[in-house]
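Here the structure comes first, spelled out in structure tokens, and everything after it is commentary.
Note that the chains take the letters A, B, C and D in the order they are written out, and that residue 1 is the start of every chain.
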Amino acid sequence: MDATQVIFIVSAALIVVSALMVVTSRNLVHAALWLISALFGVAILYVLLEAGFLAVVQVVVYIGAIAIMFIFAVMLTRRDMLDKGPQVNASWPVALGLCLLTFVGLGFLLSRFGDKFSHLPGALPPNLDPLLALGNALVSPQAFVLPFEVASVLLLAALVGAVYVARNHK
Amino acid sequence: MQNPWLYIGLFLVVGAIIPVVPIVFSALISPKKPNKIKQSTYECGMETVGDSWVQFRADYYIFALVFLVFDVETVFLFPWALSLKALPIFAVFEGVLFIMILIVGLVYTWRKGMLEWA
Amino acid sequence: MDLFLTDPIKMVYDWLMQLLTGWGLPGAVANVLLILVGIVVLIIVAMTIDIMLVWLERKVVARFQGRLGPNRVGLFGLLQPIPDIIKLIIKEDITPTGADKVVFNMAPILSLASVIFLWAVIPLAATVYGADLNVGLLYLVAAGALGTLSIIMAGWASNNKYAVLGAYRQVATMLSFEIPMIAALLIPTILASSLSLKTITTAQGGVWFFWLSPLGALIFLVAAIAELGRSPFDLNEGESEIVSGYHIEYTGMKFGLFFAGELLHAFTFGAFIGILFFGGWSFFGIERIPGLGWMASSPYFGAVAVLLKGVFFYWVIMWIKYTVPRIRIDHMLAFNWKFLTPLSFVLLMVTAMVNRLLQDFANTPQWPIYVGGMFLSNILIGWITIEILRVYGRKQKAKEPVHPAAKSVAAPSAGHH
Amino acid sequence: MIPLSWYLYLAAALFSIGLFGVLARRNAIAIFLGIELMLNAVNVNLVAFWRYSSNPGLMDGQVFAIIVFAVAAAEVAVGLALVISVYRRRNTVIADEIDLMKW
């Protein structure tokens, strides 16, 4: 067992525990804070996967923006959130069974492919600057320029739609 | 050359522990004489009325919304800005188009009067 | 001895490494141990600076207000921070009833930690830096995100209406002004083709980025002040309405951590302005005088230059804080979204285009074309902006009916709307 | 060194937990929290497959992950706006009670 494996196991434990707390906390602000901790664990995984850019972006976008939005939304809809009443709906045992089934099924599939996924990562190409490669990939017509522009349109649509919906129609 | 992320990881751990030190130190030597009045919510001496989880105006949410969209946009722009120097000239205009599309969103929000404090 | 003058960190590291491995420690463990020692030393330096900032802040604000400031404890009151800290430590720590205890206690820690985290990537000199991260600028934004989080945690956990209101205002400000700040950060990125703070500093070996993008530096300064929650953007601290905002319920050392975090944050951002736009560790151009070239490679002069630039911009931030009255939240958000954000994106697009067109001149004898073009494009944008504002202001003035009260009341208060 | 399967098992676990949140929680905001967990599980997989592919010089996995960030942001923006809008009109954020479309 080497150092990266220890880091992986620690962050995996962090992620799973936090994720369980997210779906079970009665208090929704706590749930959002646990979500932040889970997402931070995922950022550690990105660092282990040598995707430093994504790790930082994970913190900037998820913790800096999305989690804050969640806390805002929880505080804005506070009256219903008074931790009273059941936090899960009547059919939660079915949901639990379904989720366990999903996990067992996925695990079974993975174990069937066992030797296909047991390989270790190769070294990154020595002269690769991941950020530069990413920038090139995003704007070169042979690669991802269309998704790049479509993402912009998607964000525009989200902004317009959300603003329209959230507007105070008086 | 060492892996800078090792340094960052250790730094995050140490940097989070160091602020705890004065708090623990203070907790050890400071007096503890709590009473009901002292621990009541401080609102300038007035009795607190109702729950503090009152509902707040949704305008804050609109600003957070606009922020979220622009924040994600900038994530796309960082790789673009970084590799600009070596790219052909049309790549600049792709980025400019990207920004323009989002500015349309800002203009829409503005025209709808959502940036006003209603 | 030569190494001591050019790369003291490596010298100390090699020496201790030899010592530790000589004791039989495996290399990797010794390495981690030494990194930890380095981190602790760096953070202690940062905290010492922080403590001195308490004195500086008190002294400067006193001077702005025509007072003397602390002058009893030590020379010029230099030892004043020590009794300040002792007082904070021996204060009783009060947690209000109804507060969410864990979150309540985590918030001040996270607040100071998010500022300390910034020091991991500050390049004090070519050879003295924590980590040369290839995503350094985004790391800066990410640490800021943790700061925002700490504020909303503090406001929510305090179970106090004022705290929640203050947190809402402060977070709305920080979120809003983060956009022009990131846009301003993209400008050094374009100019240096890198996100690493070290590479950005090295790229300013010829011309400081301030001369290539003065407007970008200005936008960054304004956005940084808002991000710091300092006056004129200190809406969380409306003394007459919500007292001290999100940290109203904090006492003793926990309040001290918020306070220390705020001061260190301001200073660190001052240093970042110096690094991103004013050449970082380059010693004000003095090192270019023939015969003084050794100063350029000396980490001591470099560190002094970075810290001096930091103190200077910290002073500018204080200057603004103690001169300008604070503005209302709706005005401030309007200022950001209707003025600063569009301006910063226009500037970003123009910078990208002009830089791409003129960059072939950059490292040739014709470099004045490049620098002049960049500088003039900035000036042009600034001029157009001012003209637009002037026309807009005139229209607003023509539209507004004269308020009956305004006729009788003297003019000064009318100017600030 | 970590074999690829570790990441995949972790992502499967994260996805399942998120799915539970989506299916079982009553509060609409909590459902969105579950969706975030699921999207993150997907992202872990994407980045892991990028890193363990035979040619990590191609940035496909990372680009996809960034697009997922954008999608997550758009989803949160619109979704939470809907929740707040519904809350304003019907004074509830319980998903079972938001049943106008059933009529």
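Keep in mind that, in the parts below, a residue touches a chain if its C-beta (ideal position, glycine included) is under 8 Å from a C-beta of that chain, and two chains touch if they have at least 3 such contacts.
Nothing here was measured: the structure is a model prediction, and the numbers come from that model.
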Chains contacting each of subunit A and subunit D, listed by label: B
Winner on C-beta contact pairs when A-B is weighed against B-C: B-C
Centre-most chain [mean C-alpha coordinates]: B
Centroid distance [mean C-alpha coordinates] between subunit D and subunit C, Å: 34
Centroid spacing, where centroids are CA-atom means, of subunit B and subunit C in whole angstrom: 15
Rounded Å distance, subunit A centre to subunit C centre (Cα mean): 29
Set of subunit C residues in contact with two or more other chains: 133-134, 138-139, 164, 171, 175, 178, 195
Of all residues in subunit D, the ones touching two or more other chains: 66, 69-70, 73-74, 76-77, 80-81, 84, 88
Sites on subunit B at which at least two other chains make contact: 5, 53-54, 56, 58, 60-61, 64-69, 71-72, 75-76, 78, 81-84, 86, 95, 109
Listing of all chain pairs that touch each other, if any do: A-B, A-C, A-D, B-C, B-D
Subunit A to subunit B touching residues, read off their complex: 7, 44, 47, 52-53, 57, 60-61, 64-66, 68-69, 72-73, 75-76, 78-79, 81-82, 131-132, 134-136, 138-140, 145, 148-149, 151-153, 155-156, 158-160, 162-164, 166-168
List of subunit B residues in touch with subunit D within their complex: 58, 61, 65, 68-69, 71-72, 75-76
Residue ranges of subunit B in contact with subunit C within the complex: 2, 4-8, 10-12, 14-16, 18-20, 22-23, 25-27, 29-34, 36, 38-44, 48, 52-54, 56, 60, 63-64, 66-67, 70-71, 74, 77-78, 81-86, 89, 92, 95-96, 99-100, 103, 106, 109-110, 115-117
Touch list for subunit C against partner subunit A, complex: 28, 100, 103, 133-135, 138-139, 141-142, 144-146, 148-149, 152-153, 156, 164, 171, 175, 178, 195
Complex interface listing, subunit A residues touching subunit D: 2, 4-5, 8, 12, 15-16, 19-20, 22-23, 28, 31-32, 35, 38-39, 42, 45-46, 48-51, 53-54, 57-58, 61-62, 65-66, 69-70, 73-74, 76-77, 79-81, 85-89, 91-92, 94-96, 98-100, 102-103, 106-107, 110, 114, 117-122, 124-125, 128, 130, 133-134, 136-138, 143-144, 147, 151, 154-155, 157-159, 161-163, 165-166, 168
